[in-house]
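Chain IDs A, B, C and D follow the sequence of writing; residue 1 opens each chain.
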Amino acid sequence: MAELNETLIPVVGVITDVRIDTPDIKTFRVVTPEGKKPFDHRPGQCAMLSIPGVGEAMFSITSSPTNTEFMEFSIKKCGCVTQWLHAAEAGQMVTVRGPYGKPFPVDDVFAGHDLLFIAGGVGLAPLRSVINYCRHHRDRYGKIDIVYGSRSKEDLLDYQEIVNEWQNDENVHVHLTIDREQADWDGHVGFVPNYVKELGFDTNKVAVLCGPPIMIKFTLEGLCALGFDKTQIYTTLELRMKCGVGKCGRCNVGAKYVCKDGPVFRCDELDELPGEY
Amino acid sequence: MQTVNTQTLIERASALLQDGTVSAVLGWKRGEFDYDMTPAVFTTAEELAAGFVYNDFCGANLSKYLLKKTREIQGKILVFLKPCDTYSFNQLLTEHRIHRENAYVIGVPCSGMADIHSIRKITGEGIARVELTEGGLLVHTLYDDAPVAVSYEDAMADRCKTCKSKKHVAYDELLGEEGDVLDSHRFDEVAKLEAMTPDERFAFWQGELSRCIRCNACRDVCPACTCEKCVFDNPDSGVENKAPGGDFEEKMFHIIRAFHVAGRCTDCGECSRVCPQDIPLHLLNRKFISDINKTYGEYQAGETADQRPPLVNFTQNDPEPSDVVKGGHDHA
Amino acid sequence: MLKCNLSQLDNLFAAVAEAMPLYLPTQGKNGANYTKWQAGAVWSNTCNTQKGPKDLFFPQSEDLMAFKTQGKTIEIIDTRNEAEDFAVFGVRACDVKSLEILDRVFLSEPKDSYYASRREHGIIISLACNRPTENCFCGSFGIDASSPNGDVTCWLTEDALYLRGNTEKGEKFMALAAPFVTECDDTAAEAQKEKIQKIMARLPLADLKTDAFGGGKTEEFFNSPQWAKLSESCLGCGTCTFVCPTCQCYDIRDYKTNDGVVRYRCWDSCMYSEFTRMAHGNNRNSQKERFRQRFMHKLVYFPENNDGVFSCVGCGRCLAKCPISMNIVKVMKALEGEQNG
Amino acid sequence: MSELNQEYKPLIVAFCCNWCSYAGADLAGSNRLAYPADVKIIRVPCSCRVNPMFILRAFQRGADGVILCGCHPGDCHYTTGNYYTRRRMSMLFSMLDYLGIERERTRVEWVSAAEGAKFASTMNDFAKKVASLGPNKRLEDLRCKP
């Protein structure tokens, strides 16, 4: 029996680093006790993290697959598992299993195209993996635009990485915005959907959206107004999950399971599904 | 056999809809068979004519639905309540759980409800049709050429055999004759268990409660279980649970549930009626009722709408726990 | 075809039980249920058992693994054990089919090793239904109650049980049964089959049609106004899901024992209010949405993902058990009626 | 059997109210009055803070007996808390008895801050009674057994 592979049984992971990103988001670096990356993944895929006795929850893997050393998860304090994690220090073990879900089509659909990433708040977490993947394979993609907004400067996730790395890349354009005026901020102020309209992108590209539902809704409308077709726009969904492999029965939207058929969906595919997400 | 019939109720309900007294009617809807009625809301005379039914199989206690319905409805909702249901209604009023002004209660007399499970015990499976006649029920099965005659007495739900009251304790309007509070002998079964040795009692309850599948039907149907969020659903309560993880969890669930409704349970018997595993859950509630009666004086929850339940009350001279839990047998 | 005289049946059960655990329906306080055969047990031929044989393959609650934690360290303990051979006797056609439906979930990649192990070791001895109930509608889902699948198929007549081995696993059972059976032709079994088919045709729900449902019909039914009416009096209890032989939703939970943590899974119900509740919200907030999910899953979503196979076998348990008598038959008729009318 | 029982040390959980019984336990300690070391005291603000679930939970987690101590009726720090306790526990213990759970495993005792000796003798007596019953088998959770 022991030789039989069982996806529900996780492996042990060690948190080697906890980075405080924003007042309510921390990024956790996880490796196996041997110091290796727990498993390989593709951009956009998720993993189940758990603390025995507390619970198990699904998180998107925010580090790029091209990072072979470790895995990172940016986690917002929200429920009981995340609260517990936020209290954890380096050296704490957790359990991890995965990878789960369908990744972004980075090697086929995205290849050769200009890319537009739009994120709001902690919504950057799932996109960070794919952005860094594309940056790593820079020659495979055209121009990369990143629109990222949050409540305040302090709430911008991965701010150091954005400023120190992303903005210095050739042909990568980062557009940051925050919701309200702030003393030490000389950048754009305003909500993401409006900013996207202001920036007015050409439609010859693939767009990837992630953020709170209300932001997705209005940004999607904005993109369509700019002339984008829904087949050009990708987003990710999040629902309650227990198994991660389409068997426990709770994360379905219509006939699709977010854990198995998602979390990445093309926006025209979402239109086919009932609005239960 | 019920003294009021479908037609009487439809006529009265239609009239009340028509003159604007009520805007909806809570009753029972005809099913696939003669015995599977579903509680339903009707808003027009046409709907009533098409689906409303009232007969010996309309046993469901509709009072709990008022919790939601009287809060969301515009105008009044008409509800038909049997005598035992009116006790639940009063108890809900006591606890300020329903909006009285949005309910229009018609008391319907009840001569005891039939229960398809009681009938199946006599006729076996495969009931094609149940005919209600003057003398009793004629049950046509899929297999016997001649229908099987079942007396009303035999067809009755267990809870109706020990009916505590034919009297409506709350209503806006009453159909038929008012009945009396009965001397029901409903504590006989409790006394029988009390007379057993602890070992026998343990064996009995172990056998019963171990069948529990934690479907929560007993809780969800119970008119006394009206918490917005049950402790057993609350992850912060420390007892949240979904499956009987072992013998203990089942006992814990049922003891605590019975305790939470102790002094508030009107003994309507819905818990035992809905249990898919046939666990006599009412015997837990009745034990509390019987103990309360014996220890703190006779008390019938829901008798009036302004009583203070005995477990949120006290006197300075209450007996000590060691005196209450007495008698029975010594443990070997 | 083999024949076992009814007088020999208990000896047959005893011989099988000697070799491996044997589960069969016996009459309990609340009707027939699968129990482990012991000397003196009386097999019940009642149609149908209160709960299906699902529990034997996918128990209501089972341990998945254990953890030892100390300070910051965690040790994972694989507590899995290979199941031992066991036999289940008297499984009806609907319930046999329900296992095939569960297979589609649990045996699709990645396989669920807990279920797979039990499935691999469980021998299903099915039995044709001599006396189906008024709640039965397996025929609507293309199931033939007179000729169930399974590792061994049996027919019962007045005086004998007729057995036909279907699989290699079934032969294991047949070998154990060998001392109590004799060879015979299939005349008696065929006659019994015919009898059953006649009964099936005149069941009250025999004309229930499934044509209106199936994959790709989400749009057609999801926004139906019927859902509000149908779910109006639903209590939100889990009875229908727990007695359903094809419902397979589960929850994974941790239990802190006095010296560690056990991670177990248990049946869950889409009817429960917290089934899809997350820290930041719930995508099925009302009972209407939860109720709709259950039936849409059985009649549309599941067939869409599984070659048109419905996730209902017409066993009739939800008809018999629902506290408010709301069930899949009423749902199907209401939705279909709306479509036609 | 009796020999075995002398060996056997039951685990007792004692819920003690902060104002009287806990102080009573304290006094028993400072007066060097002996009571069994297997009595685990849980301090509660008032005896009526003890939810019936606490009692069942204690049994689940391995207690062989559960005793609840509070101020004497009439002396409650919160005036009436222990009157409610008295009714609740009467009903709960009666229910446990009804389910066949040995009634000597549960007890309510009123112990004031001055009654160190009563605390010790109560615990000694309760522990002896529970010991004579042997381990709690009827309200145990097997998952919590080693």
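For this structure, a couple of remarks:
Here is the rule we go by: a residue touches a chain if its C-beta (ideal position, glycine included) is under 8 Å from a C-beta of that chain, and two chains touch if they have at least 3 such contacts.
What you see is a predicted model; the values in this text were computed from it and never measured.
Counting C-beta pairs in contact across A-C and across C-D shows that the higher total falls to A-C.
Look at where the CA atoms of chain A average out and do the same for chain B: the two points lie 51 Å apart.
Taking each chain's centre as the average of its CA atoms, chain A and chain C sit 39 Å apart. The centroid of the Cα atoms in chain C and the matching centroid in chain D are 46 Å apart. Averaged C-alpha coordinates put the centre of chain B at 30 Å from the centre of chain C. With touch defined as above, residues shared between interfaces to two or more other chains in chain D number as follows: 143.
Of all residues in chain C, those touching 2 or more other chains are 251, 255, 268, listed in ascending order. In chain B, the residues touching two or more other chains are 245. Per the contact rule defined earlier, chains pair up in contact as A-C, B-C, B-D, C-D. Only residues 64-65, 67, 69, 72-76, 78, 80-82, 105-106, 108, 110, 112-114, 116-117, 215, 218-219, 222-223, 248-252, 254, 256, 261, 263, 265, 268, 270, 275-280, 283-284, 289, 293, 296-297, 300-302, 304-305 of chain C touch chain A when the two sit together in their complex. Across the interface of their complex, chain C is touched by residues 31-33, 36-41, 60, 65, 125-128, 142-143, 207-208, 211, 213-217, 219-221, 233, 242-245, 273-274, 276-279 of chain B. Taken in their complex, chain C has these residues touching chain D: 255, 257-259, 262. Residues of chain C that touch chain B in their complex: 28-31, 46-47, 50-51, 60-61, 131-134, 199, 202-205, 229, 232-233, 235-239, 241-243, 251, 253, 255, 264, 266-269, 272-274, 319, 321, 323-326, 329-330, 333.
Taken in their complex, chain D has these residues touching chain B: 52-53, 56-57, 59-60, 73-74, 80, 83-84, 86-104, 107-108, 133, 138-143.
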